[in-house]
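Next up: some structures, all given as structure tokens.
One chain, chain A, appears in both complexes that follow, with chain B as partner in the first and chain C in the second.
Take a look at the complex of A and B:
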């Protein structure tokens, strides 16, 4: 990335450069036809419940599909329409609350789920139109901020919805509990089957996903989809070509909102209840991360991003797996970033040696600095135990180590040549130290710390996302 | 009409508004130069509050400090301003600078990532539970004693300190921007970055300076804000949102606009919480609904803000 304004660099040249830079593997992936990719994905997902009865895994698959749906819905607004919609999660919430109100004990309404879904979609689309209206006058950051207000309004309505002009609509912070399970015109799918998660939900979610995916694919390849792209690239030019840009923006909002609301109703059908805190800003940023990491504007990218991010976040939650995920991602990141590749081996070997030396020295000075290793040990922890210093009582050293790690990481990126490799060694060791002493102890916070860092990292190294081929400009 | 209540509300709004104005200035300075909505700014403000807490703890806490509590307060402000200035510069250098020529969505997402990273890092290191400066017991409760008394109506020391500190900082800022060389360079850069670069202005330095100013103001605002409320890792979000709106209402990129917007927004918030929810007959919890609806309507009517110039789209 060059400093200052680049004068005289043709857009086409820039893009050709990007295309050449695309990895060979990615280009191979591009050559697989869309339907084959979708088929492979569907078959792969459909096989999982057949292979395993594990309720946890099947529940993760269901949630992953929910996130896939959310990601392809957001991709319509952000990727295709080029409109920054920060109120997206509100529509997801509207869908979930629609289900909760129409299909629970709350008002003793027990509508069948397909009907609820249709209502949710219509309601979502209408609200999308409404929220999209400011896009007629506002663009870019202003639109983002107004949609964020809409999100705030949604949150404030649902958290105070137990007393809306004397009516208890949403149950306030306690939400709405005891929802009906998915019900297809009388055919009910209980949430759990003999105490474990009912894997039929995976198939329901898969069916909804395929329907939405194909529908959006068709929309994108229709007149509307082409106009969206024109709108995204240059609103003014599109308008001069006679495209109804205002309506197109509304349509993008409505499509995104309808998908989110549909997903919300599907999501609620599985859950015991819906609560305001589910629809947090964290969720919004997670969905954004999925779409962005996959590559804005690419439907496949959004799905892959959703799968990768959600599986990554779930894996970090499990203490048995999270250590592996952390160390393997570090090695993968090194392989991806470090050239020449054999340098990776040297750096890793140096880090290992450095670690044993530090461990020995620190242990010799004061025993308590290496005495805090966990008692339970599988092979990886035993090996790590003689490598990473784990103080019996880390105290303030934790904060210090964490802050130094961040500073050191940033510092390494500014170094060049041999110094970079040299500085990478203590950085990696410090990373392992911080992981063992701070990060691995609080998986629920760590996942989001890493997600935030990953967002910045990916943006800085590859602003168009991993699979993105379009330079998406928000209008 | 209950005038005491009205006056009290107006004083509340001035305190709230001056804090918003400080944060809003940070948004406006950065936006003026980079055209970037710095989503991480609210979290820089939160870090400022935590730095203040750290300094307070080092000197023995609010009740029994090892040196004079007034000195501690000044140190807290200075430390928070320094740390946040450094943080701001670091964020710019590593998260925004590589993206200066990228499509506009990229730095926005990067900013979201930084915001996420900062708030969850603080949660990781210091926990999610609320902490407090315990300003109620600071200097034997002196902060809550009346400083100004007019008839039956009083203003506490806490509010006087907040408002005076905010005004002082704004005067310093005004001096820096209006009367110094680097301030002139900043103004030139905000009008036309490329032209400024061609006139020999070091753009990187100007942008760095903008982040120093914006960070320092956010740090100070964090400490002042935390004197009145609890601190917790996500505390930056709502004030950040309000302050950005204040900057937009005043006219983004305009420094007097940010001050005006801050005060105005503080007033609207205080009046809504005290009066408007009562008139409409909705619970106070829904005051956000009214405030945000008003803001949306305002943005639609006058998107360029009170003191801003409308954006002219060039083809």
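Take a look at the complex of A and C:
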């Protein structure tokens, strides 16, 4: 018999299951040691300001690092502790306001940033303990609702904080402006340098990120992290195996809160001011999307999710990019979903033909229906110019088209066989029409729609996120 | 002196008295079996001893000190560990991690020492690892080697039961509570588990309190047997004494069964 591990039937099944869950690319990624991945990330980020002095790009890199920090902090509570914390962004806000109060003209306090950060971390951790208290009695959605109210309390306090028992603490809706730039014991880093974003902020954020990432990694690979995972799996069993679960839950909350507060103070050091509306529910949902997309419980996954989602969202501000994303993802979706494959070619060809006919007919009836200027004369739009009808005055047609697109989509799902393919052709054309006439004109709304579509796509193919462990709830 | 002593313990859920004025003692290094029909209060008894429930009346004394009202993890740290009738493993953690996690109570490294990776912390981590592997080795080759790193959910039912026992022993208990260790096992596995329970006492030195329905297992392992019905102790003594006790037969088979026999 050959050497090496003997594999029984159970193991063979388990291994096969793992192989199905993790494709070849991911298994290759698994084989790279953790420190090498971190090093590659750090070097990659550190090089960006050297390659380009474009202020916008460097600002995006800084914000991406902020989101990475928020995501790995949230991963402690949600991924490792298994506690659904919807008040998370409140701690981010607490950190930012701590900075604003202690380091601005507001109270004429100008503490050095490292000191502010320490105060923010301590304050965040203490508040985390407090918010974690309901987790002794509540689990899952019940805990989520209670923590959501904590977030609401935070928003109420900061919005009405201009008259807190007669003291103006937070400046109310106007927030606190004129914040000091990052200050390292007297060494100041001005926010902008000759009118463009100071790329030194990227290095500050990167340093904070590495410190937090490594610290969290080490905690996770210790008896504390192990017991967090145990209590996520089965709280009662963890308690009965000698783990003080109540304390461990508070510790998870405090860790998440401390990371969020630290991130908040770093975030504020760059901004001119802090305002209540910065800490919106959209921000909370975005951070959750990052953690879920990357794979709940995986620290690397959280970072990957943060980078993917934030860069994606930023890129989609540009109508050119979002156009490409829209059309390419439709073709990809067809390739994945339509069987047999040659049917894709037929559907696309039919759609193209259908478009030219519609364009010609509509143009012949009324010139103004094809006279509309494309929103941006990038390549796709020019290509589509004689295909998609773009009315000069769409008016109600926009709404009508949008509603009928939704109706058609629902209709297509009820059809079977050849009728489905036939109905798909006008649906696709209508989708392009809606995109060119409605969606591409509002990139701020559309980018979230596209992000949602991307999330649905990824989560359907990988339910536990990109790097998430294949998890079993009940066997 | 007894290792564990229940003195007039009662547990009532509203009007329902699941355990009623129960006196019970477990002596050091003995194997005591608790039997009784479904709903007799056996698992409630385990929940009372381990602190999941706090008794409404009476006192529970372990090694001369009352453990009544302590939280479950404190009771475990005092030296009582259990397994579950319905398995409660940490399914998505590896086999080794399941056992390592249970060493929490007798290890110390906190957050700061974990981040700084102090020599003491590393040594402790190494010790936990060795402890886990040693506890798993108790079950022969079934839970060793390549199995260490496999998730607990990939184990067969019988191996999960074994892993639960290994996990419980990693808390370094003096008293081990086994809740139906042979449930769902085939005759061969039942035979093995019978031998194993005796080994746990003879070689590892644990005192064992076991709930079991399989009378062959009870007969094979017990020094003493206690029979419960409706939360009341109806018989106590050697296996033969309890098994032939009229009230026990009645509890299992119904009124009049003893006479007809």
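To be clear about the criterion, the second predicted complex is superposed on the first by the 380 of 475 C-alpha atoms of A that agree within 3 Å, B and C clash if a C-alpha of one lies under 4 Å from a C-alpha of the other, contacts with A are read in each partner's own complex, and residues count from 1 in each chain.
The definition used in the following text is that a contact is a pair of C-beta atoms (placed from the backbone, for glycine too) under 8 Å apart; a residue touches a chain by one contact, two chains touch by 3 or more.
Here the structure is a predicted model, which means the values were calculated and not measured.
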| item | value |
| --- | --- |
| Between chain B and chain C, more extensive residue contact with chain A | B |
| Touched partner set for A:453, first chain B, second chain C, both or neither | first |
| Touched partner set for A:292, first chain B, second chain C, both or neither | first |
| Touched partner set for A:27, first chain B, second chain C, both or neither | neither |
| Partner chain in contact with A:463 - chain B first, chain C second, else both or neither | first |
| Which of chain B and chain C A:224 touches, first, second, both or neither | second |
| First, second, both or neither for A:236, with chain B first and chain C second | both |
| Which superposed partner A:399 touches (first chain B, second chain C, both, neither) | first |
| Footprint overlap on chain A, comparing chain B with chain C | 5-6, 236, 471-473 |
| Residue ranges of chain B in contact with chain A within the complex | 31, 37, 90, 93-95, 98-110, 112-118, 120-121, 123-126, 128, 193-194, 197, 203-204, 237, 241, 244-245, 248, 281-283, 285-286, 288-289, 292-293, 295-296, 299-300, 303, 313, 315 |
| Residue numbers on chain A that touch chain C, as the complex places them | 5-7, 10-11, 13-14, 215, 218-219, 221-227, 229-230, 233-234, 236-246, 251, 469, 471-473, 475 |
| For the chain A and chain B complex, residues of the former touching the latter | 1-6, 78, 84, 134, 137-138, 140-142, 144-146, 148-150, 152-153, 155-157, 159-160, 163-165, 236, 281-282, 285, 288-289, 292, 296, 398-399, 402, 406, 410, 413, 438-439, 442, 445-446, 448-449, 451-456, 459-460, 463-464, 471-474 |
| Contact footprint of chain A on chain C as seen in their complex | 50, 52, 71-73, 76-77, 81-82, 84, 88-93, 97-98, 100-107, 109-111, 114-115, 117, 121, 124-125, 128, 145-147, 150-151, 153-156, 167-168, 170-171 |
